[in-house]
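Okay, got some structures for you below.
You will see subunit A twice below: alongside subunit B first, and alongside subunit C after that.
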Partner chain A sequence: MSLRTSRPARAGQYAALLCYLVFLAFPFLWLISTAFKPAPELGSLHPTWIPENPTLDNFRQAFDEQPLLRAAGNSLIAALSAGVIAVVIATPMAYVMARHRSRLSTAATGWVVVSQAFPFVLLIIPLFLVLKYLHLINSLWGLIMVYVVWSLPFALWMLVGYVRAVPPELEEAAAVDGADRLRILVSVTAPLLAPGIVATALFAFITAWNEFFFALVLLKTPEKQTLPVVLTHFLGAEGASDLGPLAAAAFLATLPSLVLFAVIQRRITGGMLAGAVKS
Partner chain B sequence: MRALVRTAAAAATALALLLTGCGGGGDGRADGKIRIRFQSLAWQKESVDINKQLVKEWNASHPDVEVQYVQGSWDSVHDQLLTSFEGDEAPDVIHDASDDLADFAYGGYLADLRTLLPDRLTADIPPQSWQTATFDGGVYGVPFLQEPRVLIANTKILKASGVRIPTAERPWSWPEFRQVTKKLTGKGRYGIAWPLKEPVSVTLNLGLSAGGELFHRGADGKVTLAMGEGDQVVPGTIHDQVNTDHSAARTALGMGGGDTLPGLFGGKYAMVPLGFSYRQQVVEQAPKGFEWTVLPAPAGSEGLAQGVSPQTLSVAEDSPHKKEAVAFIDFLLRPANMVRLAKGDWMLPTGTAALADPSLHTAERGWATGAALATALRSAPAQSVRGYPEWKDKVATPALQEYYSGAIDADELRKRLMEDGNRVLARYQR
Partner chain C sequence: MTLANATVQSGRHGPPGSPRGKQSGQINRNAGTWFLVLPALIPILVLSVGPLLYGIALAFTDSQSGRTRSTQWVGVLNFQDLLHDGLFWESFRIGLFWAVGVTVPQFVLALGLALLLNENLRMRWLARALAIIPWAMPEVVVGIMWRLVYNPDAGILNETIRDLGLGDGRDWLTGLATALPAVIVVGIWAGMPQTTVALLAGLQNTPHELHEAAALDGAGAWRRFRTVTWPALRPVALSITALNFIWNFNSFALVYVLTNGGPGGRTRLPMLFAYEEAFRYGQFGYAAAMGCVMVAVISVILAVYLAGRLRGGEDR
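Coming up: the complex of A and B.
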């Protein structure tokens, strides 16, 4: 059976893909455009894609009004820590769940799925009380703990899939060649799991980087606040907003995720398993 | 085995030390100083600067009571406060709006300030303002800033049309207002744009001017919904402007206040009804040469009356330093300071002494028009009604949106607001 498609069909596919990309990129491109527009252009009845008089005033004002760098630093600490800790905990758990199927692992998988259905509001007050008991209110470590707990079920879910994609025959072959259990895990399984681990860490990072409500509730002092919380300081009552500086700050807030994606994109989509097993 | 236990204990200790080191709970200093947290919702730069400056001035003059400024946000204040109250971590001094206080007041989270407030402050703020923060006989916040809804108009279009320019002394009546918007409508231009993304508060608050009450409290204290003639005036006018006269832009019905400004600047709308504080956005965003003016909202049988939900300062019931917290509020709301706060937020102070400040009576940027409306401001009709948020979201918002767009008529609106509404309220008043 041939997988080749005709030229018109391929052109149609590319056109559809382009439309989808434009659709996805629209909010971001508009955000960039807004960030560089002076105030009168923001209030124009006929807005333009390219600012007529581009300005950096919105960025200056955003930095002047709010401690964006400090907030970005806090977000970075929280998100990086959450990403790393989540994969460190989830990887061995996922391995066990994927390789040793039992009633317990089935039940654990079910619980992971169910846990995703809990709404924030149901969790926040018990979580708040637990963290208060641990003296971790207004602490980045408290927030990191919450982020790890919050992202762990999905991270586990993702990693189980990646582990199952690693053929057990490879591990068996390594064992036949004399490698012990640890050697097999470190030298055979771990490298093949690397794209999955990176993708999972990225998921946990982005979840934590964008998270707003837990950070709002758990962090009290301005010195500890994260970027999403600080961004709301550009919003007033009844939907009023300081649009220019808000767009500038929001644009800056999206950059780390974009850069991270750009850097590790290949590792996620690398197809490292290609040709690993003879069929 | 013993080694394993030792290692685990060491790891646990290290983790505990690490967590303690990173924790922020409590300042741990035993210098006898009282520390109170003031959560402010100020968001515009001028306003934030003034609030911080006032905190600085307080701290400089009160070495025994240190106030810490904490930035909150309007967007999420209710959920954030609710969680803080539940976790006994609420700030001592809380900035909010009076229409958000009812749940917290009835829930016992806020301190009743009646015995704590100094006479000066009590006397300075008029009774109708105190009414906005009074629930079940207790006072749970100090109302300090408020804003009427005004008409921001394109001066050139207004003058060219030859219509009578209204003043606070001689405002337009609702029927005259409808005639005026027809006159202001021309090719490619609407007389008015009603930004009614959230139609309920606008309708109810402006409805007071025509004697609209909608919520009626019986002798037993229970509230029922009844729609009289006065309640029809404002929704009827808006409906007719959109659907009969075509003098109001249909597309604006789904907009927020700020969304209508480009249309105002571009001459698409001659007027927009907005909160008084929107003047700041007009000043910032209007193109060079744009001439604008502030007009009072139309008046009805009750004159210029309209409902407002002032910004408030409250004290947490669990605060161990209520006396100091109220002293700080009193400092913050001294007449001169209240004027600074009002100017920073482009709003009106509630305090009589502050409102008399000459700087708030200049014609420039419409300050005088706003100040002239201050005495006509009343407590928003529904803010102390339990079940109001649910009625607003589930019944009134969709019903009014459909009515304004012409999808349902006045009878259907009345039926929905009253019949469905009373069922909702009844659940809260059993």
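Coming up: the complex of A and C.
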């Protein structure tokens, strides 16, 4: 804002911003600090911010205690499949929703809004019964199906925004040149949408990677469980000696989504800003 | 977010090239449209809309897991039982307290942060980056992280309290009086990014000239906020608050990891209660009825809230 702000007001703003920075950062810094502390320091009654003898033992121990690698593999498969399948089926529908105003797109928009409001328990019980009937309980494929549908509302919402950003005049020009609808979609619109499609897929990936409730209900055996579910196994024993591996595993599980989020963050917030400005 | 977008969706483009070629183009276009829509529509109908209706139907049955007897219609029996289930209403009350307790402070804090981020401050980029972290983290990790913070001996919170000479600290997550406030703080922390980003989007939508005009007229910061910023921000604020309230009321993972509903049920949110009923005790029909009651009550609360706020908007 170019408005002139008085000096005391500016100082107050910086003080407030500093408070926010501390509030937002301190739990995360504490997680990292705990992850690198050796057992004696974790047992100390006066914990410190900086580990005096930083160690990687907690990470080694975390991998020994729980099947983290396999869990990460399961999470990767589930999240990757969900992300790819979601955008492949959502992109054409988002295109129709953005370009045609029909009863279908009104209904779809309504569903996108309403689906946010339902408590998952109302959805998970019937899904559990259906997947059980299909022998897809304790199967990553059952979970992937659920993740795809679960990420569709947000994927549609993001993609509709991206389609709107492509000027329809480009498509009309191609239509005048005699290209049919599918041709236009594939050769004119899709390339312009590509960055948006990638961002949407990554976002669906992150939500699936982080998801807990459906995975908790649908995956029964440790061999099939995803990372968030396996992380909760560390919580079983309450002893102080488990804090280190717990922190180490939790920190590792966060890294992929943090990195990906940093990559697409601008697009998500940027898309949001664009959407707000255009209305 | 989605509600805000719904308003964006209306208007703007008509179908491209629709006025011409009406007879010949029409059939082709519809056929092509269905071809594009079906891949997403079928999964939505089969795995989302269908189960939802099935779930509502289950609420009127005695469906249980692992039972040999076939499931029967029992009418409103589950709902009658729920009416007398003190534990459920207790958890419902906790859920409402939690949802309001998270949503309101979260909105106030996020608004403050959004206003700051909208200013030309030096550490803005750092705050933006940090504000994203809770958003990108798995809820399970957020819960684990705060358990480390709240840990009575090895946690930083009690250590800070000891350093400041404010006593010995306490066992936050297992204390009857402190557990719910402690998880509410985590809820506020975890949901701040989305709210902040949505409000920031709304702020950047405010016409800048109005601010300058108001400033020239001698309006102070508070007057400018009240007369220029807030009216423009109102639609975004309204929809993000409504959505946050619903999300918070329906939340599960955070509290499951932090306290698993304890101590003594003090943090047992409705979703935790319904989850236990369905997947620990196998009472599918009863748990589905709980879900229905949750939806119904939330819808009524939201309708009243939205009607009230919208009417307030017209009075201006």
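Basically, the second predicted complex is superposed on the first by the 210 of 279 C-alpha atoms of A that agree within 3 Å, B and C clash if a C-alpha of one lies under 4 Å from a C-alpha of the other, contacts with A are read in each partner's own complex, and residues count from 1 in each chain.
Here is the rule we go by: a residue touches a chain if its C-beta (ideal position, glycine included) is under 8 Å from a C-beta of that chain, and two chains touch if they have at least 3 such contacts.
This structure is a prediction, so every number in the text was calculated from the model and none was measured.
When the shared chain is aligned, subunit B and subunit C each come close enough to touch A:L129.
Of the two partner chains placed by the overlay, subunit B and subunit C both lie in contact with A:T232. By the touch criterion defined above, A:L192 reaches neither subunit B nor subunit C. In the superposition on chain A, A:S44 makes contact with both subunit B and subunit C. When the two complexes are overlaid on their common chain A, residue A:A248 makes contact with neither subunit B nor subunit C. In the superposed model, A:A201 makes contact with neither subunit B nor subunit C. Between subunit B and subunit C, the partner in contact with more residues of subunit A is C.
By the touch criterion stated above, A:K220 is placed in contact with subunit B alone, subunit C being left untouched.
In the superposition on the C-alpha atoms of chain A, the part of subunit A touched by subunit B in one complex and by subunit C in the other spans residues 42-47, 121, 124-125, 129, 212-213, 216-217, 232, 234-235, 240, 243. Touching subunit A in their complex are the following residues of subunit C: 1-9, 12-17, 28-29, 32-33, 35-37, 39-41, 43-44, 47-52, 54-56, 58, 63, 109, 112-113, 116, 118-124, 126-127, 129-141, 144-149, 151, 153-156, 159, 162, 189, 192, 197-198, 200-202, 204-205, 208, 211-212, 215, 221, 236, 243, 246-247, 249-250, 252-253, 256-257, 270-271, 274-275, 278-279, 284, 287-288, 290-292, 294-295, 298-299, 302. Taken in their complex, subunit A has these residues touching subunit B: 39-40, 42-47, 61, 64-65, 121, 124-125, 128-129, 132, 134-142, 212-213, 216-217, 220-222, 224-225, 229, 232-243. Of all residues in subunit A, only 1-3, 5, 9, 13-14, 16-18, 20-21, 23-28, 30-31, 34, 42-47, 49, 88-90, 92-93, 95-102, 104-105, 108-109, 111-113, 115-127, 129-130, 145-146, 148-149, 152-154, 156-157, 160-161, 164, 168, 171-172, 175, 180-182, 185, 206, 209-213, 216-217, 227-228, 231-232, 234-235, 240, 243, 246-247, 250-251, 253-254, 257-258, 260-262, 265, 268-269, 272-273, 275-279 touch subunit C in the complex they form. Of all residues in subunit B, those touching subunit A in their complex are 18-20, 22-26, 37, 41, 43-45, 48, 68-71, 73-76, 79-80, 83-84, 86-89, 91, 97, 197-198, 256-258, 261-263, 265-268, 275, 277-278, 281, 284-288.
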